[in-house]
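Have a look at the structure below, then the notes.
Think of it as A, B, C and D in the order they're written, each chain with its own count starting at 1.
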Amino acid sequence: MMVVLLVLPLLGTLFMLLWPKIAPLLALLTASVCSLAALQLLFLVSEQGNQQVLLAGWPSGLAISLEANSLSSLLILLTALLQLLVGLYAFATHRRDKLGAGFWPLSCMLQLGLTALWLSRDLFNLYVCLELLGIVAVALVSLSGDKAIKPALNYLLLSLFGSLCYLLGVAILYGAYGVLDITVLAARWQADLPSSIALLLMTLGLMLKAALWPLHGWLPAAHAAAPAPVSALLSALVVKGPLFILCLLWLQLAGATQVAAVAPWFAGCGLAALLLGGVSALRTPFAKNMVAYSTVAQLGYAMLALGLLLRFNQPLFAAALWLFVLAHALAKAACFLAIGEITATLGGKRINTLKGASQTMPLAMFAFAVAGGSLIGLPPSGGFLAKWALLQGLWLQGGQLFWLLAIVLATLLSAAYVFRAVVLAFDRADPVAPDFAPRILPQWLALLPALAVWAMALYSEPLLQLLKQEGL
Amino acid sequence: MRLLLFDAILCLLLLTLALASILSRQLAHAVILYIAFGLMMALAWARLAAPDLALAEAAIGAGLTGALCFSALAHQQPQLKPDVLNWPKRLWPAVFVLLMLGGVLAALLQLPPSASQLIAVTQAGIGNSGVSHPVTAVLLNFRSWDTLLELVVLLLALLGARQVAPEVKPATSWPLSLGWSRLLAPMVILLAGYLLWAGASQPGGAFQAGALLAAGAVVLRLNQQLSWLSWSNFWIRLLIVSGVLVFVLMALLAILLTPGNTDVVWLRWPPHLAAGIILLVELFATLAIALTLTLLVAGEPASTGAEHGCGEGA
Amino acid sequence: MTDLSSQLLLYIGTAAGLFGIGLYGFIVGPQTLRRILALNIIGAGIFMLMVVLAYRGLAEEAALTLTDPVLHALILTGLVVAVSATAFALALLTRLNQAKSAQCKPDQLRHGQEPEQ
Amino acid sequence: MSPFWQQYLPLSIILSSLLPGLIIFTLKETQVKLRISLNLFGVGVKLLLVLLMWQAVKAGQQFYFSLPFLPGADLVLQGDALSLLFVVLSSVLWLATTIYAIGYLEQSPLRSRFFGYFSLCVSATVGLALAGNLVTFLLFYELLTLATFPLVVHRGTPESLAAGRRYLAYTLSGGVILMLGVALLHSLVQSPLFTPGGYVAAAVSGNEGLLMLAFALMIMVLGVKAALLPLHGWLPQAMVAPAPVSALLHAVAVVKAGAFGIIRLVYDVFGVESMQALQLAQPLMLLAAATILYGSWRALAQQDIKRRLAYSTISQVSYITLGVAMLGPLAAVGGLVHLVHQGVMKITLFFCAGNFAETLGIHKIRELNGVGRRMPVTAMAFTLGALGMIGIPPTAGFISKWYLGLGAAEVGQNWLILVFALSGLLNAAYFLPVVYRMWFLPQSGRWPAEQRLSNRFETHWMLLLPAIFTAILLLLMGLFASTELSPLSWSQLIVEREFRHD
C-alpha cells in the first residue's frame, strides 16, 4: 500500500510532464486514487498495527526504513484529500486566476514529497524529502509571477539554509553513531555533547523551515504572495513536514536530560508565536497576510503542545499536538481558499475588500467564518478538540495557571482577528461590489474542508485515543 | 610530515578562498574565487581517498555551479556603489557565527575516530548488489530510494527554473569556438560513456558522466547548435523524464518478477538481474541528468519555442 | 580530549571553518548572489566534513581499511540536490533582476520626461 | 410512542428549527411565501414535539439522546423537567417572535439570512435547554453566540457593527473562560449527566480551591450572558438590533441562557450541599442583589425606551439568579417561574416598543405622550407588561416576586425582602411615568415618523398580534397560577424533583 502511495504521484508527475494537456485530469485522478489508498492504509494500520518496511530488502541500518503508523497514515490521508480538494479548486479557477500549467506536476510532486516524508524513518532520506518539499514549495509560490519572485527567493534561501543546518546535524550524528535509521539510532542514543549539538542544529534548521517563532519571518510574505490554492497547500501541509521531523527527533531520539533542557524553550517559543503572531494578524492590513500570520500563530499551539509534551510526558498533549496539526490543516485550507476566492472576485488585497462580503459572497464568507471558528477553538470543531486536550492536560497536571491564562489570551487574539474580518463582512453601509458574478463551485470547495474540520468532532473519541497512544 | 604540511596548506588555501569569495568587493571576483575554491575542494577530496567525489565536485560543485553563477551574473545589474556595512552589522553576525562554530567544533572533536560499522555491512551486501563498486551499490541498490528522490529534485529544479525563466537573448556565436566544440563533442560523449561504464567497478558513475555530457552539450548549445534540444520537444522531455521513469518501471518490474511467496519490497532488485537493471537505470539517469543540466545552464533556445507544440505526443 | 589524528583534526577544523565562513556570508552578504555562494560554501563545508568522516575508515588500523561508501553516496546525492537548488535559486534571481530592470526603465523614462513638461 | 421515537425526540426538537433555518439560507429573497411557510411549519412541528415531550416528562419520563464526543463527555441531549421549562418558553416565544419578525421586516433586504440565523438562534437556545451535560452546554452556548452575532449586526450600520464587536468581545471571552472552567471541572470529576443534587459532592474534600475556581469561572461567564453586574455592558448597546432581535435576545435566548446556565450549575452540577459546603451561595446572592438595584437605578435615568427596557432586563434577570442562589425550595420556585414570567413580560414590552418605533417612529420616552389614544391596544399591552414588571397582582410578575419573598423569609435572609421592596419601588418609578405619559398626557406635536401600516388596525396585524398574545399570556399566567398548566406548578414540580433527591 505504501508503494502505491509513493509510486502513483511519482508516475503521475512524469506523465503530466510528458502530456501537459491532460495534466489536470491526471492530477485529480492521482489524488483521488491516493486518497482511497491512504484510507486503506489507515484501515490496515489500525487492524494490523504499524507497518514497517526496509526498502530494497536490505538489513536494518543499511536500508532506508519506512514506517506507517496511524499518525503517518492519517497525515497521508489528509495530504491526499487536501490535494484532491485543492486540485478541484484550482481546476475550477485556473482560467480566471491564470494559474500556470506548472501547477499540476508541482502539486503532484508536493504530494510525493509529503508522503515520502510522513513515511520515512531515515535521517538522510528525510533530508532529501525536506529539500524536495522546500523546492516544490518555492516553485509553487513563484507561480504567481513577478510579485512573488522576491518572497520566493527569500523563502528558498532560508529553506536551503535550514536544510543545510539539518544536514550538518545528520552528518554529526552519523559520525558519532554510524547509522541513519531513527529506530536503530534511538537504541544507541547517548545524551552527550555531539548529539546535543546535532539536535540543536537540526532543530534550528527545522524551526526555520516550519516557520516556528522566532524564525517565521519569511512565511507571511511567501504564503501571501502565492496563488490561493498554493497558499492553502503550503499553510495546510508543507510547514507541517518539518514540524513532523522535529517531533520525531525530540520524541524518539533525544535523551531525558536533553528533553528537559529544551522543553521550556519550545513551550515559550510556542507561546510567543501565539501571541505575537496573533497581534500581527490583527494588525496587518492585507487579507492573505492575516491568514498567513494566523498560520504562524497556530503553529505556536503545536509548538506549545510539543514543549508541554516533552516536559510532562502527558499523552493528552500528544493528542493536542496532532489534533492541532490536523485541524489547522483543514481550517487553513478553507481559509485560504475562501479568502482567495473573495479577493479574486471582489478585486483587492486589503482586508477592507471583505466589506459586505456576507452579502455578496455569503458562502465563501461562511466558509471563512466556520474555519475561523476552528482556529479559535469553538466547539465542536477540530480546533476545539485540540484545545480541550491541551486544557485537560494542563488541569490534570495541576498548578499550570500561567499556561492556562496564556492560552485564553491566545484564543481571544485569534477570535479577534477572525472576527475582525467577519465583522467587516457584515458591513452593509458600503459593500465592495464584485468585479464579476461570484462563482458557486469554488466557494463550496472552500466550505468543504471547513465543514470537515467541524465533522472531526464526530470522530473525536477514536481520534483522541489514536493520537494519544501514538505520540510518535 | 610532509603530507601533513601539504594538508595544512591545502586547508589554509580552502579557508582563504572561501573567505575571499565572501568578502570580495565585486561579485564577479566572488564567483571566480568560488570556482577556484571548488577546484581546491576537489583536490582535498581526492587527497581524502574520495576520487569519485572529487570528480563530481569538480564537475558539479565547481564547474556547473560556476557556470550557473556566471550566467546569473550576466543578468545582474551593475551595482553602482558597493554596500558598506557598518561594524555592528558585521560584529553581531560574527559573534553568532563564532558561537555556533565553537559549538560545532566542540561536538566534532568528540566524534569517535572509528568509522561506521555500516562499512562491514556494506561489504557483506555487495556480493548480492549487482555491482562491485561500493558507492554505486549504495546509490543504486542499498539506498536507491534516496537516489530516486534526488533525481526527482533535479527534475523539479528544472521545472522551477523553466517556470521562472526570463526570455533568453540569442547569444552570438564565435566561429573558433564553434569549430572546437564540434571537435569536442564526440570526445565528450566517449568519455562520458567510459565513466558510466566504469562506475560499476571504479570511481565514476551516472552523475559524473551526466555532468560531463551536459558540459559538452552546453558548449554546443552556446554555439547555437542542438536547437532541437528543448523542453517543448516531446522526445527530449521523454528522455529527461526517463531518468526517473525507467527507475520506477524497473522497480515495478522487479516487484512483478519477485516470486509470489515472498513479501513485496519496494526497490528490491532480484540478485541475478541486479547488474542489468542497475546499468539500465544508470544509463537513463545519465542521459536525463545530462539533458536536465544542459537545459538548466543553457536555457531554452530562443527561437524554437513556437515551432514545437507542447503536446506532440498526447 | 579527542582521539582523532592530527590530519583528521586539520580537515575537520577546516570543514567547520568553511561552515562558519559560509554562515557569516549568508547572514551578512548584502547581495543575493553572494548569499547563494555562501550557501554553497556551507554545503561544501558539510560535504567535506562527511568526506573526512568517511576517511576515518582508512586512517585507523582496523582490519577493514576502507572509506565509508554510505557517506560517499550520501555526498553524491547531496551534491546533486545542492546544485539543483542552486540552479533554481539562480533562476529566481535572474528573473528578479530582469523584473527590476524592467521596472527601472519605465521609471527612468518617467523621470527623464518630467523636466520637459 | 415507540422507544425509538423517544430517543430521537430531543434531537428532533432541535432539528425542527435547525433544518428549516438551513433551508431558508438557500432561498432567494423573493421566495417570501415559501420562507414564511417553512418558518411557520418549523414552529408548528416544534410546538407539537414539545407538547409530546411535555406530556411524557410530566408523567415522570426522561429523554436521553447521546452522540460520542470527547472521552468521558458525550454530546447528550436530555429532556427533564427543568429543560422543558426553558424549551416551552423559547418555543412559544419563538412562535410569537416569528410572526412579529415577518411583519416587522416585511420590506427590508436580506430576509433569508435574517430568518436563517433566527432559526439557528432558536435551535441553539433549545439545544442549550436540552443539553445533558456541561460539555454539551458549552457547545450550544458558543453556537448561540455565533448565531446571534449576525442578528445583532443585521442592519450593517456602523453602530450595529460596533455593538456587534462589543457583544462578541464579551461573549467570546466568556466562551473561552467557560471552556476553561468546564475543562477544569472535567479534569476533576469528568462531565457526567446533569443530576439533581449535583455530582461534585464526592470530590469536594481536597479540591475546594479548584472547585471554587471552576465555579467562579463559570459563573463569571454565565454572568456575562445573564448580564450580572460588572459584566452587563454589552446588553444596552446591543439594542441597535432590529426589534424582534431585541425581543428574542432579551427575553429569551441570550440572557435567559445565562440564567438557565446558572440554575443548571447551582442545582445540577454543584448541588445544594456542595454549594453550602463551599460557601458559594452568599457571594452570588450579593452580586445578584446588587445587580437588581443597580439595573433599576440605571433604568431610571434612561430616556430611550429600548435602553430603559434593557436596564430593566439586567435588573429582572438577576431575580432569577437571586432565587437560585438562596438555595431554598420556595425561592427556587420563585426564580424558576420568573424565568418564564420575565420572558413573557419583557417580550411583550419589546414588541410594544418595536410597534411604537415602527408605526410612529417613537424611540424616546418623552415622545410617548398620548400614544394611548393613537395605539390603544399596544399601549394596553405595554401597560400590562409594565405592571407585571413592577409586580402588581394579578399579573405574572406578582407571582414570582411573591415566591421570591417567601423564599427569602424561608432561608432567613430577610434583608432580601428589603431589596425586593426597594427594587419594586424603583420599577414603579421608571415604569409608571411611562404609563402615565401614554394614557394621561396629551399628544405633543406630530409623531416623529408615522407610517400607515394597516387600514383596519392601529398597526400591521402581524406586529399587533404577538404583543396581544403575550400580554394575555402574562395575565393568564398570573390569574391561573394555581392550575396544573401554569409555569408555577411546573416550577414546583421541578423543585420537588430537585430537592427530593436525597
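Note that a residue touches a chain if its C-beta (ideal position, glycine included) is under 8 Å from a C-beta of that chain, and two chains touch if they have at least 3 such contacts.
Keep in mind that what you see is a predicted model, and the values were worked out from it rather than measured.
Greatest Cα centroid separation from chain C: this falls to D. Counting C-beta pairs in contact, the chain pair with the largest number is B-C. Centre to centre, using the average C-alpha position, chain A and chain C are separated by 28 Å. Computed from the mean C-alpha positions, the centre of chain A lies at a distance of 43 Å from the centre of chain D.
Centre to centre, using the average C-alpha position, chain C and chain D are separated by 69 Å. Each chain gets a centre from the mean of its Cα atoms; for chain B and chain C, those two points are 13 Å apart.
For chain D, residues touching at least two other chains: there are none.
Multi-chain contact residues, meaning those touching two or more other chains, occur in chain B at positions 104, 108, 110-112, 115-116, 118, 122, 142-143, 146, 150, 153, 156-157, 160, 164. Taken residue by residue, chain A touches two or more other chains at 62, 124, 128, 131, 135, 138-139, 142, 149, 152, 168, 174-175, whereas all remaining positions touch fewer. By the definition given earlier, chain contacts exist for A-B, A-C, A-D, B-C. Of all residues in chain A, only 2-3, 6-7, 10-11, 13-14, 17-22, 53-59, 61-64, 66, 100, 102, 105-106, 109, 112, 116, 124-125, 128-129, 131-132, 135-136, 138-139, 142-143, 149, 152, 168, 172, 174-179, 192-194, 196-198, 200-201 touch chain B in the complex they form.
Across the interface of their complex, chain A is touched by residues 103-104, 106-108, 110-112, 115-118, 121-122, 125, 141-146, 149-150, 152-153, 155-157, 159-160, 162-164, 234, 237-238, 240-241, 244-245, 248, 251-252, 255, 264-269, 310-311, 313-314 of chain B.
For chain D in complex with chain A, the residues that touch the partner chain are 25, 67-71, 75, 110, 113, 135, 138-139, 142, 146, 149-150, 153-158, 161, 164-165, 168, 172-173, 175-177, 179-180, 183-184, 186-188.
Residues of chain C touching chain A in their complex: 19, 26, 32, 35-36, 39, 42-43, 46, 49-50, 53, 70-71, 74, 77-78, 81, 84-85, 88-89, 92-93, 95-96, 99.
On the side of chain C, the complex with chain B involves touching residues 1-25, 27-31, 33-34, 36-38, 40-41, 44, 47-49, 51-60, 62, 64, 66-77, 79-88, 90-95, 97-98, 100-101, 104.
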